[in-house]
Amino acid sequence: MRLLVINPNTSQFVTDRICDVAGKTLGPRATVRGVTGSDGPRIVGNRAECAWAAGEALRLARGEAGSFDAVLLGISFDTGLEALRQDLGVPVVGMSEAGMLLAMTVARRFAMLTFGGYAVPLYEELIAQYGFQDRSAGVLSLPALSQAELENPRLVLPQLEAAITAAAKTRGAEAVVLAGAIFAGLAAELRDRTPIPVVDGIVAATGLVECLHALGLRKPSLGSFSKPA
Amino acid sequence: MRLLVINPNTSQFVTDRICDVAGKTLGPRATVRGVTGSDGPRIVGNRAECAWAAGEALRLARGEAGSFDAVLLGISFDTGLEALRQDLGVPVVGMSEAGMLLAMTVARRFAMLTFGGYAVPLYEELIAQYGFQDRSAGVLSLPALSQAELENPRLVLPQLEAAITAAAKTRGAEAVVLAGAIFAGLAAELRDRTPIPVVDGIVAATGLVECLHALGLRKPSLGSFSKPA
Amino acid sequence: MRLLVINPNTSQFVTDRICDVAGKTLGPRATVRGVTGSDGPRIVGNRAECAWAAGEALRLARGEAGSFDAVLLGISFDTGLEALRQDLGVPVVGMSEAGMLLAMTVARRFAMLTFGGYAVPLYEELIAQYGFQDRSAGVLSLPALSQAELENPRLVLPQLEAAITAAAKTRGAEAVVLAGAIFAGLAAELRDRTPIPVVDGIVAATGLVECLHALGLRKPSLGSFSKPA
Amino acid sequence: MRLLVINPNTSQFVTDRICDVAGKTLGPRATVRGVTGSDGPRIVGNRAECAWAAGEALRLARGEAGSFDAVLLGISFDTGLEALRQDLGVPVVGMSEAGMLLAMTVARRFAMLTFGGYAVPLYEELIAQYGFQDRSAGVLSLPALSQAELENPRLVLPQLEAAITAAAKTRGAEAVVLAGAIFAGLAAELRDRTPIPVVDGIVAATGLVECLHALGLRKPSLGSFSKPA
Amino acid sequence: MRLLVINPNTSQFVTDRICDVAGKTLGPRATVRGVTGSDGPRIVGNRAECAWAAGEALRLARGEAGSFDAVLLGISFDTGLEALRQDLGVPVVGMSEAGMLLAMTVARRFAMLTFGGYAVPLYEELIAQYGFQDRSAGVLSLPALSQAELENPRLVLPQLEAAITAAAKTRGAEAVVLAGAIFAGLAAELRDRTPIPVVDGIVAATGLVECLHALGLRKPSLGSFSKPA
Amino acid sequence: MRLLVINPNTSQFVTDRICDVAGKTLGPRATVRGVTGSDGPRIVGNRAECAWAAGEALRLARGEAGSFDAVLLGISFDTGLEALRQDLGVPVVGMSEAGMLLAMTVARRFAMLTFGGYAVPLYEELIAQYGFQDRSAGVLSLPALSQAELENPRLVLPQLEAAITAAAKTRGAEAVVLAGAIFAGLAAELRDRTPIPVVDGIVAATGLVECLHALGLRKPSLGSFSKPA
């Protein structure tokens, strides 16, 4: 399987981190290649930037036409996910979507955990867009991260641990999905420090996309994900 | 009030029609000016095109900075509406949003009416995104329009009349919102031919945007429609 | 446009305040006239009083038959709104309904703000009746107002400001609708003191009713708002 | 137990029929007395009439103060139910509410069955107001009844039987609630003619009100059903 | 009426308590007999135990075939309720189901009150399974009970009183359903100590099952509660 | 990975078919072993049988303690899924749950397809239990299968093809999940005969369980899936 990671942010280090985690998850069964946005914000964070990023994701995918068997969309708002799914003929999975789907196999209600506060309503809307409100225990947020923390998110492991434990104790969360590509790879380190499972969206998406690739479902010829006449 | 009509489709005749209807609705109380997408499909119709159009709407708005007091988004999927609302400091109203809001002041449940069938799920998702499912009687569709009908939608008045009457009789619809900028202006002609009110999204949006301009609400400094730090 | 303000409470000063705000909003484009309940509580506040007020609103409307083009229902529970809408042949808008509809054009989630606590569930039910739960951030309440505060609500501007700011910071409210006819006119004074927009139901209803009057929608001949056979 | 049947319609024969059915259900364990609206429509059937009837129900209850231990509200829209419940200090049960509650103990999804078509949306709203949409299989309607059929509803037993059977076969209804006080007593005759249980709202309400009387729950001193300060 | 109380827990004292309360509620109108699980946990408390208990309830019912006219399922998770309802030809009522149904005749929103915390999500899922989320004010929990308190739940009356009062004041609960067969009989003692009604599931179920027995609804021959072909 | 297939039905040929499909999906990466119910119906099909099967699934799992790394629950009602998940310390996936989760990565709305009609409400409740109603296009059913068709489901490929195509054209389904362990393996044969993707629950569950095994999420120590104190 040739996996294309699309990161419509313009931050190469995020693409690298996602590719690294996906590559380790897949091992020799697949090749992983990443493409990064060339124009726009380093880290998409609001409604206007999301609108921009959706188009950027499409442009990146079209530019790589024919060179991949599946797509992992590496932006935690899953921006442009359904557009890519309709436009392409191969499986496409978003990292937050994948995190939620797998969280629902181990928990009745999952919390999402982000940082900086501003994006909380955007994740709430994403959950609602997927129709998963009944399975949600809410969207929680760490304070805004410093530049040092953005570059080395392991620095916030104690805050993540505290927030996850609180989500379990006070909100009834039975699993947590880490929202934010920069958190890729941290779930494993939290495994033995939290009372509930922590799902890494990148690992989840990597697994799901492989699953879908193996399933070999056909491209629909009817419906909103088909090619229009 | 200086009203900017943003049509992210690349079809000038649609922009002209919207501006004409908005201008007649507002009379001398306001000036109306339209901008049209320069790159992309003539009539946006699927998920990938919507993703593109959201970015185009943003680019058009930013290019006109300072020259308008309010925005009417003239694309029936309301594509990019929330992005514009967050990005700009003035009221922004979408034509389908406006049609639904006003329909709910005369009906418990409204139907939307489009053409060609393909976009039915997209309108259903729009209704769900706004949280108006409990007020919806469904999304109905005429068959695909011919080129002649696209250019002169008055040709389908009989089909619209029949579909609206059927929606009232068999679906419990108590009002209909015409979905599609090309239908701008037709509601008035259907007024005496249908058993339930028919709402023209352009007229509705024009009224609402004037309302909001008069209300003079402040730009938020908190929340997902504020400018991020 | 000849606007009739119906206040089924028996408090003339509330009618006067509503007419004053509506008149200023409309300017010379319309005449505004108010009618006030003649029998019943000064300020409707519970389920039994609401049941009474719905009938009173109907009686008031029927007593003015032929003398108006549109109705603004000036009671914050929108009591009798759908009955009036079915009974009359002109547009009817409720003040809380209008506040919510306009709030949804600037916010994903709005809070309502009332006083005295007792009526919180009634507003929650009103939101649910309209099907707007997904857009609601809850109903908040100031403590009960003193007689002096009821007569001069400007005295509670600091409390309103604090409650609105808290709603934005702790509940994710992105706009607030003031619930209570006695708050008519206060939103403008809060404009520069709160982080999120504050919608005055009377101003909103005045704008919407004018919108609907201009739209000229037909009276339905089918459905629950038509005249029964 | 002294049961008061309140029929805010002005049709004495409906009151008589309800009292007769309730009396037979209760036997010597209780006395049953009925009061009938004195001003208004013979059979309430639309939004404006419902608004009127709610007030009439309140007036009737207050006029009988002290003479009853429990109330059965004998109008199939349950009009004024929550107002009575807040206003009085004794149990109050509505006939459609009771029918739905008992239907849910024998079925996942129940249908309501009315006549004449016009009131279908009103019953849909009643179901939604109670929050029972997930348990509803829809509201069905016989055609309008003739005067003869209104006076002798046994004439429509074949149509009821056919409609109930169809509801089971094509809508997944697992029980049917007869909506309409004039249907009081018919369920028993349908018992062996339909594939699913048929619930008579009057019998159900009689049973529930006796249940509640025995339970002896206290009148709340907090919340929207308490007496306001 | 011959009432069979099925307690799939293996705790005879719980069966005895339920039979005692049911017997007092019914008086000479009915006989009450209880059966108790013979294999499994004393008090069912988690998902695996619930799965076990559902089968145990079925086995107990089948073992008593022909000896009863109605069933009261005496386990607060209502475990196996719908299985019994499909399997048997007589009315079956669950104690939490009954508590919720009656609570909804006196309150817009009810809270459930349990102990030990662990089962809170299970009751939330039960409420959702019945489709009553819109009527729920949440599930609250006392701390875990000591052995002495389990045997003599009157010891926790002060904690129940405090929790119920808090539910009314801070959660908007307008009634409380006691969740847990061991609380059978306590509601009456709380009657004058709490600001809102407290519903005893056993008393409620006893009343409802008598109601249903009197109603004499037929066993369906279609739908998911019928006997399969 | 040592995968245990639990089939609480007593039909060995179903277990064999599931193990065969799972084995082919996993290839040499895992071993697959199946266990079959020893007491009960050959094919579980109603509420009472589901209650029985949940306990049987638990007994089967406990009997194999220590011999597996993950569980695939091979009964299309996912009966006992959450009980197993709480009871065991390894990933457990249900076949219908898995089918729905993967269907949601290629479609906005999926239909389920079963046979015989009787179980339609049970699948509707399963969808609701998972909170996926907003993503569901309904549950469809072929007529009851003959014995020959049960033993060789390939005989109904034409009926499946027709039902799937109809679901796409008339219900807006964008994918179909085959409900019924006997359909294991058929999706691949339908791939080029239907306009929308068809998901085989067994293949989907096999992929997901491998995904979860790789993810290595911890067993929770809090919440309803933890071991109780």
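Per-chain numbering from 1; labels A, B, C, D, E and F assigned in written order.
In this section, a contact is a pair of C-beta atoms (placed from the backbone, for glycine too) under 8 Å apart; a residue touches a chain by one contact, two chains touch by 3 or more.
Remember, predicted model here, so these are calculated numbers, not experimental data.
**Q** So which chains are sitting against subunit B and subunit F at once?
**A** Chains in contact with subunit B as well as subunit F: A, D.
**Q** Could you see whether A-F or A-E has the larger number of C-beta contact pairs?
**A** A-F
**Q** Which whole number of Å gives the spacing of the CA centres of subunit B and subunit D?
**A** A distance of 43 Å separates the two centres.
**Q** Indicate the whole-number Å distance between the mean C-alpha point of subunit A and the mean C-alpha point of subunit B.
**A** Their C-alpha centroids are separated by 32 Å.
**Q** Mind checking the centre-to-centre distance between subunit B and subunit C? Centres are C-alpha means, answer in whole Å.
**A** 26
**Q** Mind pulling the subunit D residues that touch 2 or more other chains?
**A** In subunit D, residues 82, 85, 108, 121, 125, 128, 134, 172, 174, 223-225 touch at least two other chains, as defined above.
**Q** Chain pairs in touch?
**A** Here the touching chain pairs work out to A-B, A-C, A-E, A-F, B-C, B-D, B-F, C-D, C-E, D-E, D-F, E-F.
**Q** Within the complex, which stretch of subunit C touches subunit E?
**A** 120-121, 124-125, 128
**Q** For a test of understanding, state which residues of subunit A touch subunit F in their complex under the given definition.
**A** It is residues 25, 82, 85, 91, 93, 97, 101-102, 104-108, 130-135, 168-169, 172-175, 188, 191-192, 194-200, 203-204, 207-208, 210-212, 214-218, 220-226 of subunit A that touch subunit F.
**Q** Provide the residue numbers of subunit D that touch subunit C in the complex, in ascending order.
**A** Contacts found on subunit D: 45-48, 50-52, 54-58, 80, 82-87, 118-119, 121-122, 125, 128-129, 144, 223-225, 228-229.
**Q** Sort out for me which residues of subunit B touch subunit D in the complex.
**A** That would be residues 108-109, 134, 172, 174 of subunit B.
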